[in-house]
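Each structure below is given as structure tokens.
Presented sequentially are two complexes of subunit A, the first with subunit B as partner and the second with subunit C.
So, the complex of A and B:
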């Protein structure tokens, strides 16, 4: 293709060179887009559901009525919290209920320390399960002399943390 | 291209060749875009379902005042979004009248659901269902779901309109004094918007006749009858804003605006009919939006009875407000909303 004088003397040579360049360019510029499988969408769906359930438990059914979530926390009613939360969480519009499980902790202040009280323990599906998501909600507890351990009687804001998973 | 011993190209050739190469590279760079032209629409089903769930559960829709559910079929094109929330300040609290309208498939067709709730460039298939935990609300629109679809589930509560029930227990409060010799009998239900539009009350519990129906029900009417009368003639139901009378040219067929029932029979606002048992008036936002009511307005609904001599002793003003004796506000009802998109 190139003679002693350094000249390109055939169009075929030029075309061959161009084809090689073009091929190399096409290969390098074509990018593969692949979506690695991950769980961020199912996690988001579960987080939204858990967040909705806590919000609705924190909404009284009537103006000035009982706040179900505050009442359950005040009384440390683990069975009530478990059954109410799961009733809302697993409800479907038709067909069988969903199979979501949960555990719940409440973080509160005790003097200078931040303590955590386990309100609902995880059940037997805690191991060998799908990945859990965490939803939280701040709950304001008013001054209540009859409220004993662990929160005490003073008014304070506590953080309710719920772990949800499907099993 | 001239061949000579100097190994040089002419300027003409170089210019032409350069332009050719630039054009070739530009076209070649577009080829990967052609090869990847097949759009994968399945990847965003969950995102579209999530967005639709947000519109239904957290958005009151548009227009808001008058609310979109008050629009009739001739103005359906003016509805931009069919959100179900009571207010943007009360997410996940749905209004029952919005729910009834949204799931009315005689009003909305599939294209309406796509353009006013789902959006998107692709004509998605959908299945939207809502069920209250007590079973009172159980609605569905769309096709049956296939094997794979985008999905979201929202937990909500449903707010139902308030109702003022004036029954026999109000007899002493709303009976004309024995010393009063007048022959007119007018019973007034007053909506004082100064009291009603109270921003300190959460929208989930607020009474706003501009955006939700109000229900006035007079029962045990026989307790308000005079002497041996078996019924009293309801001449008319009229509306006043302050001291001004408001014209109301609708008849009993305009159920989008109001329903008036006398002894359970549908009537116009000038029925001239006898009442022996009960009166029920439901005033809907489509009507109140025509009254030009503001946050300080006072709307009086007057029930005018005309008999000579009077057959009823009912009189007085009943306030439609937040007093639980005067008005009953039903409890919020927990429900679950599911959206499937494919």
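So, the complex of A and C:
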């Protein structure tokens, strides 16, 4: 017959083994703190840059002065919008300018329909590593009888949408 | 069990306590991954620029029309609501109430509601 003294030690050993196994499992199943934001961080930076540029264009030079963005939309000035936006976007403190490209649409309401007016056509460049991002800004247009198509002359709010990417 | 040596019970007991302590520490580390993920997602998905821009558009509206509700004002209000839904996937509503007196300034109470399916944002602001 086997010697059955020391049963309590065996049971303790089994309990301790289980606790250790469970702890090891918990630790191994814990990866490092996972941040899904990694890939989106450059996108967010580009988005913030675009938003800030639109905010700059939407700010009059002086109190009660003329708002550049509203003026560009009112006149549907493609070249003006394109050059102003890209100038602000691509400005750097030194060295060559950045290589950001863009296209712009204006969404406006016509009766029950939401229409889009293409303000700046995209140029024929490809995006690089970073994906393109969309930034928007609300613009309020006053009643203006001389304003041409497509918005019509009534006072309205339109949404400027800019797609920008770094080539 | 008669001849079993039962010395050192305290040492064994302390060993068990340490093991249980380690177990709970491991549990805390395990949960921290979840905390990191949900926080990061919350920050990424919060449409900060959209809400700021919407507020500014509504304040422009209030500056221009106050709480008049005439057809021109309603047109602009409809623009904001309809374009938000169509282009920004956000259900937006806002109401401008009778101006009230705050520290000698006439301020319009503006209620702003924004819901894009992930983020719900409601605000009552006194704008003057």
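Methods note: the second predicted complex is superposed on the first by the 124 of 167 C-alpha atoms of A that agree within 3 Å, B and C clash if a C-alpha of one lies under 4 Å from a C-alpha of the other, contacts with A are read in each partner's own complex, and residues count from 1 in each chain.
Criterion: contacts are C-beta pairs under 8 Å (C-beta built on N, C-alpha and C of every residue); 3 or more make two chains touch, one makes a residue touch a chain.
What you see is a predicted model; the values in this text were computed from it and never measured.
Once chain A of one complex is fitted onto chain A of the other, the partner contacts of A:30 extend to both subunit B and subunit C.
In the superposed model, A:19 lies in contact with subunit C only, and not with subunit B.
Look at A:149: by the touch rule set out above, it reaches neither subunit B nor subunit C.
Between subunit B and subunit C, the partner in contact with more residues of subunit A is C. In the superposition on chain A, A:124 contacts neither subunit B nor subunit C. In the superposition on chain A, A:158 contacts subunit C only, with no contact to subunit B. Residue contacts after overlaying the shared chain place A:93 against subunit B, while subunit C stays out of touching range. Once the two complexes are overlaid on the shared chain, A:108 sits against subunit C while remaining clear of subunit B. By the document's definition of touching, of the two partners only subunit C reaches A:136; subunit B does not. Across the superposed pair, subunit B and subunit C both touch subunit A at residues 5-9, 22, 26, 29-31, 33, 35, 44, 48.
For subunit B in complex with subunit A, the touching residues are 1, 3, 5-7, 21, 24-25, 28-29, 31-32, 35-36, 43, 46, 50, 53, 57, 91-93, 129-131, 133, 138, 140, 151-157, 201-202, 204-205, 322, 329, 331-334, 336-338. Of all residues in subunit A, those touching subunit B in their complex are 5-9, 18, 22, 25-26, 29-31, 33, 35, 41, 44-45, 48-49, 52-53, 55-56, 59-63, 65, 87-89, 91-94. Contact residues on subunit A toward subunit C in their complex (touch as defined above): 5-9, 12, 15-16, 19-20, 22-23, 26-27, 29-37, 40, 44, 47-48, 51, 107-109, 114, 135-138, 140, 143, 154-159, 161.
Chain contact summary for the complex, subunit C toward subunit A: residues 1-4, 12, 15-16, 19-20, 22-23, 26-27, 29-30, 32-33, 36-37, 40-41, 43-44, 49-50, 53-54, 56-57, 60-61, 64, 72, 75-76, 78-80, 82-83, 86-88.
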